[in-house]
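A, B, C, D, E and F label the chains in the order they appear, each numbered from 1.
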Amino acid sequence: MPDKIQNQAPDGEPATALKIAPSGPMSDETRGYFAKCEEKLGLIPNVLKAYAFDETKLRAFTDFYNDLMLGDSALSKLEREMIAVVVSSINKCYYCLTAHGAAVRQLSSDPALGELMVMNYKAAHLSERHRAMLDFAAKMTKASSDIEEEDREALRKQGFDDRTIWDIAAVASFFNMTNRMASAIDMRPNAEYHAMAR
Amino acid sequence: MPDKIQNQAPDGEPATALKIAPSGPMSDETRGYFAKCEEKLGLIPNVLKAYAFDETKLRAFTDFYNDLMLGDSALSKLEREMIAVVVSSINKCYYCLTAHGAAVRQLSSDPALGELMVMNYKAAHLSERHRAMLDFAAKMTKASSDIEEEDREALRKQGFDDRTIWDIAAVASFFNMTNRMASAIDMRPNAEYHAMAR
Amino acid sequence: MPDKIQNQAPDGEPATALKIAPSGPMSDETRGYFAKCEEKLGLIPNVLKAYAFDETKLRAFTDFYNDLMLGDSALSKLEREMIAVVVSSINKCYYCLTAHGAAVRQLSSDPALGELMVMNYKAAHLSERHRAMLDFAAKMTKASSDIEEEDREALRKQGFDDRTIWDIAAVASFFNMTNRMASAIDMRPNAEYHAMAR
Amino acid sequence: MPDKIQNQAPDGEPATALKIAPSGPMSDETRGYFAKCEEKLGLIPNVLKAYAFDETKLRAFTDFYNDLMLGDSALSKLEREMIAVVVSSINKCYYCLTAHGAAVRQLSSDPALGELMVMNYKAAHLSERHRAMLDFAAKMTKASSDIEEEDREALRKQGFDDRTIWDIAAVASFFNMTNRMASAIDMRPNAEYHAMAR
Amino acid sequence: MPDKIQNQAPDGEPATALKIAPSGPMSDETRGYFAKCEEKLGLIPNVLKAYAFDETKLRAFTDFYNDLMLGDSALSKLEREMIAVVVSSINKCYYCLTAHGAAVRQLSSDPALGELMVMNYKAAHLSERHRAMLDFAAKMTKASSDIEEEDREALRKQGFDDRTIWDIAAVASFFNMTNRMASAIDMRPNAEYHAMAR
Amino acid sequence: MPDKIQNQAPDGEPATALKIAPSGPMSDETRGYFAKCEEKLGLIPNVLKAYAFDETKLRAFTDFYNDLMLGDSALSKLEREMIAVVVSSINKCYYCLTAHGAAVRQLSSDPALGELMVMNYKAAHLSERHRAMLDFAAKMTKASSDIEEEDREALRKQGFDDRTIWDIAAVASFFNMTNRMASAIDMRPNAEYHAMAR
């Protein structure tokens, strides 16, 4: 019998530490959106449940997110998820590391890659291009005010054009927002993520 | 005659360091939005010009921003701007300090308050309630993964309910995003901000 | 087909980045020790292969390790592994996070607990006693020279006696050694750890 | 009507948080010095009022200051003030940022330059020479024990001779003193500085 | 025969890394001052030789220093030297640690106390009063902008009046200046200090 | 009469802050080992007294230590001690700085070298080879997860082979363990070290 460690609350724990009454009944549109999540992902990400108290906020969040992470970009979805996890690793965000770590494992079919992004991306054997991309995201996270033209030049040297540099910067910036939001309100990841794509 | 210091590029400098071709012609809706900005603010904020290359991104940004900073909240607009500037001060974001520092001066009619938020909010003589609000935003910015229930409790003790804690967290998170985006692409603030509400 | 990311070297990659010729042929004793590892763990941990170039060093390391992590102590093996992972998380050691993260999952039968120790132990819902134990280990890792009597008192208040405080300190100290050794020589964890006890 | 924020004490607030009785009556010399300040600057800087409790200390401070900031040097007065503000920005000293930020605006006739020194000097478009000068001052402020011959060489390459390197070092060092003194005793800047040279 | 380590330049090495021609011949007053140093201390401190290129600067420095460290104060000379060394320890200033470490040993007749101030003042068994004094100086050195009324109150609780708080602040501030000046120009301590009062 | 400062406990103070009863009577082997220490060093290092409560732990520690610091290596004993002190300086470990600072002074017959390692190794005039060795040890101590192949290459360029890089890494790692152990349990150095080899 394993040691007993008091860890997570039992199932049905709320998505965050805040108790916020919904501003109104859930619209059919949102109900449909959640059903689609459950069908495609097997779960409704807790971040969406957290935002659901106010449909304007939920819509603003999902519009922003879907364009950023799923919309057209020269960055592959995996590359965007790698940036997401490296940023979340620096910020030590349990929610985002869990959810987006799973995404890296799934999109890459390489469980070790997911772990490396969570643990220390510098220990991964990456192409110079990916390393430059992640170094830029890491610097943005740790010391954004030190970024200068030479940092952007380092990306251009690896073949990223300015339109794609925008996307790298936008993804890294976004997770600096969501990491902080998740930690500030103790957002808990869906338990299903842990076992995915191992 | 004053010393000559080579500082800012002459007028007409681009809004950011990235050269990105627009994804299409500007829609009438966006044209109208920009006209309204010029009418109400006397300028089109450079952040909007920066996003204008892609109207989906522009719309996602403005929807998010307008709900957050102008929508209903128990936080006054000034309180939201104070959070914005304190976060931007920690991240040393020239764009946001300039634009939102002007907003604090304007909304408070207290130029010194704007300077204090830019320079060191701990030197301001604030109410305990405002101090707790800004301390929470500052901790979210510097060490979000250290935030725990006792930090939220400190806000509740000052009379903030959970719905308002969400807003404090959301504003502080958002500027951790925009600060990094602005620094990553060297977004330049409109020159007009400097003289406003002095 | 998943994105292709250049990650880890193909199988058969060496245990570390250093090329060191063995100081002599492997003794029967060491051969036996390795066989026992393979039998009990299903693998020979790469750290042992790394030390095998010199049997005096290998023996010194395993004697120290086995007494510390497997010997008598009021700390359970799981508690020792939790300390190991929290220290390794602060030091971002890929080897130790991988190997000892697996141990936490195994000993606790709680995969989420392993992830929490890797990602952010402050997000775990722990007993006060375990929280105090890990806070002490974390402070030792980040700012050992700030530790004072009141830090030891905080452990005593949670029921740890001085003999057990020694063990907490010894485990936290040890992983501050091995984390640095592993990172300094790029020690690679055995691939098998990733899938264990998920 | 603007939001009400409790900010600064009403007029007549003391120059610092310390209540110190003067060691004797004010001498004619000091009285004359203060009159000259009022005539030339339109105010008696609060730092001088703070030191006035002891004329030996006041004299030691003003002698040091006047030689450093107003005496002969290959550095222009504006350059010395730029160093002062960059150092004060790193140390987040409200007093010095306010007083010397005003000096940069005045001496340069470029209000944006003053703001850039306060907010993030790396965002300013400076000559390589000025950038090297400020980088040296910033490194002295953040990590003086890491300064080595190559840092001094970087200044020499920009045309600074050793005599001028002394002055750069002396100004940066001095504001690391006054920033700390001002913060330690909560020295408040004269309100007049805020509106100057905007 | 001991290992050979290339360490310090042979005797007669210059006091700093800067080559600065004197602005004029040495005055009789300065010559006398140096003679008095040699007589009383057995050496001319290299810091004075460093400043001697310009007698105005030398005078400003010694006036400031002598009032601060030797003038009237409720702080004993030893207490002032303890502050000096703790500040210099945080800033890792070789010159000041050497010269003022010797002073602590001499004034206290306790060589271990000198070492503790150099190595880690928190490991010393100090009175609460001295601990509070050094904690204040350390906070001023590491994070002066975080100092607030409660930090000054902590000193008052230990019996320091406002006049003495000024002196604590002034000494801590001063060594934040001289530490940086010494490191910036690689000022070398007189070799004699090492053996003093051991 | 010197100022009175309350510093160290009177003679006979225990070796650490922990009160741990021995697990059994001292063996003849250990008694002999301690007698040899006293004969060769003039004292029994307090670290050994601290470990003596459990002879398994004592043996594991001394086996590890003696191989590392006294065994065969291309690094001289002085070089190993220099690494020990530089690591201990970053970690501000009073015990190790005192004991190993004395060792550097003794092995080098250069008291100033010992002080430089304690105070700021970057201020020492070292060979490029020693500087590279200490820079590697310092980086391991401050940011081990940032170490990459180029850091090992920098050592190889200075003539260190991979076997010797192992030893540099092993010594630096070990003192990151003992520094933390000593600080965690407030291990006090033998008073005799202070006066040795001055």
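Miscellaneous remarks
Just so it is clear, a contact is a pair of C-beta atoms (placed from the backbone, for glycine too) under 8 Å apart; a residue touches a chain by one contact, two chains touch by 3 or more.
This is a predicted model, so every value here is computed, not measured.
Shared contact partners of chain B and chain F, listed by label, are A, C, D, E. Overlaying the C-alpha trace of chain A on that of chain E calls for a turn of 180°, given as a multiple of 5. Chain A and chain B, compared by their mean Cα positions, are separated by 23 Å. Centres computed as Cα averages put chain B at a distance of 44 Å from chain C.
Residue numbers of chain C whose C-beta contacts span two or more other chains: 92-93, 120, 123, 145, 148, 183, 186. If the chains shown are joined wherever they touch, the resulting network has some other arrangement, not a path, ring, star or complete graph. In summary, the structure contains touching chain pairs A-B, A-C, A-D, A-F, B-C, B-D, B-E, C-E, C-F, D-E, D-F, E-F. Note for the complex: chain F touches chain C at residues 17-21, 56-57, 59-61, 63-64, 67-68, 71, 91-93, 136, 140-141, 144-145, 147-149, 152, 162-163, 165-166, 169-170, 172-174, 176-181, 183-186. Against chain D, in their complex, chain A makes its touches with residues 145-146, 148. Residue ranges on chain E touching chain F, taken from their complex, read 2-3, 5-9, 76-79, 82, 92-94, 97-98, 107-113, 115-116, 118-120, 123-127, 130, 183, 186, 191, 194-195, 198. By the touch criterion given at the top, residues 120, 122-123 of chain C touch chain B in their complex.
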